[in-house]
Structures are given as structure tokens and as C-alpha cells.
């Protein structure tokens, strides 16, 4: 292979020399199974103990914010999906709600409850993936296969509704793309029963397993004060003992009407994060069962011609609907000038959208407050001081999603 | 309850700001660049805004001053958010860094610096974080062409 | 797959028996290689979800012999590029590809690896074949597991059909 052209190094590490003579600097990643493929950790080791680390993310930077400035408010929903791609629906709904706030639109009750139901469904999928990947990295392949099997049922079920398995593009400004097909809710109750069975098996395999406890208890600990200083939100903050959850603190969608608990941990270590996620999944299932009872009938999309595409029959027969449809597709919905910051409780933490509009059909600025990116700034507090082999479960419990971290 | 804390904020910090308002449930203060650190210290110390959410910038080309740096804070006790905005010109796009107050500022200021070129006085580690060594320019500025690629590895064909 | 080695040629006239033997040798080695693929999943983005789904039950890739991922390029022969490659990741990809030994194949998994997907901007490489040669392209955003399995099967046909020089003149 020709090596005349030297392949350049894309990063500049914070340290190239160790502090002492007997330490070793190793490079972990970015193409590494345990760093979820896109993070590079340059660690200084004293034997097996990690002294200090330098985390480099950005290997999946796809130019999301720049790309959004040249698409209409509707056209960029697929890009928004691919931020936190394990729980794509939460991104959709958080973004749509931010635009709806700017436009002053109130969504219909059926849409509100459905969005809540699907947000909790996405939370289930995200936590299943995180726990499955974390357990697989520890060697528990059986638990991984159980959880991925349940997740596959959910993917197929969501494909019945939206047409896609992983990234859905289902949210619309002012509503949703389409209503539930027949039999969807019945299949959902079957899946929730199957979920309980599979997760029960995983609990049995892992919860009181001596090896699992030895590897996860008191590893990757962080205190509440440190977590808040470094901007941690979501399950990581809750595992330290702080019951902070946007669904309870600043309720949005239909969360104010639901009965649920916010699980918190004790130590802020890996075991707590694992258990907080398992309990949050159970709470999500309970919320989904309540929502299935509460779901009202009615239209999905708000009847506002500034954002909702008119009915196809009208588009083909009336000139006003045709022009409306045309303008919405070509120019995009006209969002009044202003700015808004709207945050949802994504499975990783506070997912915020900061939108600046100049009054046109495309955004002037679109910024995502991605929880994974902020967490990367604080991961070194959890890794430093532990063993090299502990980097794997600690990193897995942080649930860094590359699409969100690097945008 | 949110209105109560907003009133207290307006009363205490409003006079020091160029303008203050409440928009979509967030208290917004526009301040001068020099007043930033004092404001943040009061927000954190007196009013309990312990979670630093985000720092980003908006490029208002062709208006002058060109950049508007925007910070968001959240209080876990009062459960409300605050937005601070500072206008800086292109010739002197420098603001104070918040690394002394919040640890999470380190990474977010690095991103804002590489995307817009805003300098953060006090943050000594402004290496590129999402972009790579050798990338020239600041991509999120309005005068950077979206499709202008700077490949590191030469293309095959 | 480039032939970097020179196969043993018959000295003198080519005899039918020799050609028969080399063809059968190629078929045998092709059969062995296609059913024992060791993938190196170069995982970056959303397609990883479908990669996880296709490697586990019910869409098992183990049935095709391609389940056991080797996370070292020295031990792998199929590099599956799963997800978008940014310009920052490109040097890493090039280095990992160079470290793999012959014979090696590359699968571009997903729309972003195939052509850049819908990220046509300063950050993403518009198709991984600008940097390394690709043998099979699997489109989709992300591709359904059945599409991935179809891609693996086509790659297996490609391997079965190709020449497998295992010895050189020098050897």
C-alpha cells in the first residue's frame, strides 16, 4: 500500500507527555466497539489505573445546523430525527413543539396524547438499546439478545405506523403524519406484555449477579453537585439522587395528567444508572397503559392552513387548496420572526431546540442543546481514577449517542 | 410561581440590562459584554441558576454588530429558564468565559468558537471539538459556503 | 479485489487438466471464504441500530457465517462501513482499511456510506468510495435487515465467482 502521502491526525491531544516517567498514554477509539464508534479517549495510565483522560468527540459531525438553514421548517424534520437516532420520535416532537410555540399553534388533544404515548415508546426503545449494549460490552450476550428481540418487535410495530423502523419522520408542525392504523393499540398491549416477560428474564440474569455487581457498583461515581456543575441531566443526574425530571418539573404535552414516579439512584455509579433506566422503562410502560385508556377521538392535525397540508381531495378540486399546498411545500410554513427555546425530557436528558426565525419559511438559526454533547464534557470526572477496563461500562452507562453529540 | 421569580429577576437585574422581557416562558436579558460575569455570578449565587444549559451564537449578517452570543440557564429549584444575549461586533468578537462558574462551559464554548469565531476570554482550551485540525474558517457563519469541503484524505479518483 | 500477487502459471502449454484444477481450487476457496466472513463493523451512526438488529435474532447473520465481528482490522476480512463518514473520521477509516490484510472486501452500509445520504455539506464525505474501494453498496436510511442480508448474499456470490490466487511465483 502506498504510504507516500502521510495520513494527517485530525485532533490535537491536550497532553502528549505523561506527568511521570512510568505512565503510558493510550488511544482508545474512535473506531472502537465500546466507544459507540465515534469518540476518542486519550488516556494516561498508571498500570491499569486511569490518571487523566482527554475526550475527543466530533467524529460524526454532519453539519446539521448549517444544513437546516437551507431547508424549510418541514423539510428538516428528517435531519432532526437523526439526532438521537435511538429515540427518534422524541426529537421530532420536541422540534415540532418549538416551531408550534413560535407560530402560536395549539395542537389537538388527540395529537397531544399520541405524542406523549409515542415519546414514552421511544424512551422504551432508547433505554432497551442502552442497557442491551452496556450488558453486551460486559459480556452478557444473552441479555443483549433478549432485549434486542423485544426492541425488534417495537421497531416492526412502529414501522406499521410510520413506515420506517429506526428514523421515522413522523412528526409534523401542527400534528402528526398519519393516524393510528386499526389494531395498532391491541398489538401495543401484546408487546408490552412480551416486554415485561423479557425484561423479567434480564432482571433475573443480571440484578443480583455477583460479577455484575462487582463490575458496576462504586464504579464511575459522580456526586450531585459535580453532576450539576458539568451540566448532566436525565438518568445520570437522577442516579446521583436528584429527582430532576422535566416531565414533572415543567410538564409539557400530556404529562401533567399522568400518574408516574421518577426513579432516583443512591450513589451515582454505573449500577444506579442501569437500575434507574430499568425502572424508568417500567414507569414508561405504566404511562403508556394509562395513555391507551385516555386517548380521545378527534383530528390529528390542527386545522390551520399556515402549517397543515390540506386534504388531497381539496387540493385536486379547489384552487385555494392547491395554492396553499404549493406554497407550503415550496416556501415552507411562514413562521413569525422571533426566537424560542423549547426543551423536552429525552431519554438522555434535556433536549432543547433554540430556533431563530426571521419570518420566512426557512430557519435563520437552528441550534440543538444536545444532552450527550454536554455529558461528554463531564465524562472525565467519572472515568478518572478507575481502572482501564471500567471505561467500557462507564461509557456505556452514559449513553452517548453520536448523532446528538456531534450533530 | 414562575411569574414570581421572573418579577424578582426583572426587579433585581433589569436595571443592569439593556432590555429585559419574558418570551415563551423564558426571561430574556440583553446585556453589554462587560456585564456578563457579574450577571452570571448573581444568577448563580443569588437566584440559584445552577444548571448551565447552552451557549451559542447567531450571525446577523449584514446587520452590525454582527454576532449575538446567547446563553441559557436553568434553575433546578425554581424550575425556570433565563436567556442572556450579548451583541458583539465582528472586529472584536470576544466575550468572557464561564469556565470559572460552570464546568460544562468548557466544551460548549469550544463549539461556539470553532463554529462562529467567538473568542472566550479565560478559556485556554479552545481547540476544535466538532471540526478537525486544519479546518479553516468558521462554518456556521453566513458567509461560509455550505458545500465547501476541506478533505483531509485525498480522494481516489 | 485487486490481485496483488501473481498466480502460478502453467509452464509450457496450458493443459486442460491444470485449468480444471485451478478452477476447482478457486471454487473451493471461494466457498470457504464466503461462508466465513469476519466483519469489521466500522460503526458510526444510525445504521448501527439496524446492524445490531441484523446480527441478533431474528435476522441472524450467523446463518451466513458472517456473525462474528473481529474488532481488530488485522483479523477481519469484511469491512462494513455503517453510517456517515465525516471528514474528521476519514483519516481513521483510511488507516483501518490499510491495516486489513488481503483478501478484503468493503460493504458500504446505508445511504450515507454509499453516497453521503442527504448530508451534502462541508462535514460529510459524499460516499465512502471517494476514499476506499467498495465492493457492495447497501442503500437505505437505514436499510431494512433483509436488505443487508441481500447485500451479504450478493457479496458471497461475488466472492464465489472471483479468482483466489493463494500462491505467488515467489512463493
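The chains carry the letters A, B and C, assigned in the order they are written, with residues numbered from 1 in each.
Assume a contact is a pair of C-beta atoms (placed from the backbone, for glycine too) under 8 Å apart; a residue touches a chain by one contact, two chains touch by 3 or more.
Treat the numbers as computed from the prediction; the structure is a model and nothing was measured.
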- Query: Which chain maximises the distance between its CA centroid and that of chain A?
  - Reply: C
- Message: Quick check: more C-beta contact pairs at A-B or at B-C?
- Response: A-B
- Message: I'd like to verify one number: the distance from the centre of chain A to the centre of chain C, where each centre is the average of its C-alpha atoms, in whole angstrom.
- Response: 31
- Distance between the centres, which are taken as Cα means, of chain B and chain A, whole angstrom: 23
- Item | Mean-CA-position distance for chain C and chain B (Å) | 45
- Which residues of chain A are in contact with two or more other chains? 7-11, 58, 61, 63, 66-67, 406
- Message: Could you pull out the residues of chain C that touch at least 2 other chains?
- Response: 88, 91, 93-94, 121-123
- chain B residues counted as touching two or more neighbouring chains: 131-132, 139, 144, 146, 152-153
- Residue ranges of chain B in contact with chain A within the complex: 23-24, 26, 50-54, 56, 58-59, 70, 72, 74, 76, 79, 81, 83, 102-104, 106-108, 111, 115, 125, 127-134, 139-140, 144, 146, 152-154
- Message: With touch defined as at the start, can you tell me which chain C residues reach chain B in the complex?
- Response: 87-88, 90-91, 93-94, 120-123, 125, 129-133
- Message: Which residues of chain B touch chain C once you look at their complex with the stated criterion?
- Response: 131-132, 139, 144-153, 155-157
- Given the complex with chain B, which residues does chain A contribute to the contact? 5, 7-12, 14, 56-58, 61, 63, 65-67, 69-70, 101-102, 226, 228-231, 233, 242, 244, 249-250, 338-343, 350, 352, 354, 356, 364-365, 367, 369, 373-374, 376-378, 406-407
- Inside the complex, what are the residues of chain A that reach chain C? 1, 3, 7-11, 30-33, 36-38, 58-63, 66-67, 78-79, 82, 85-86, 129, 132-133, 144-145, 148-149, 151-152, 155, 165-167, 402-403, 406
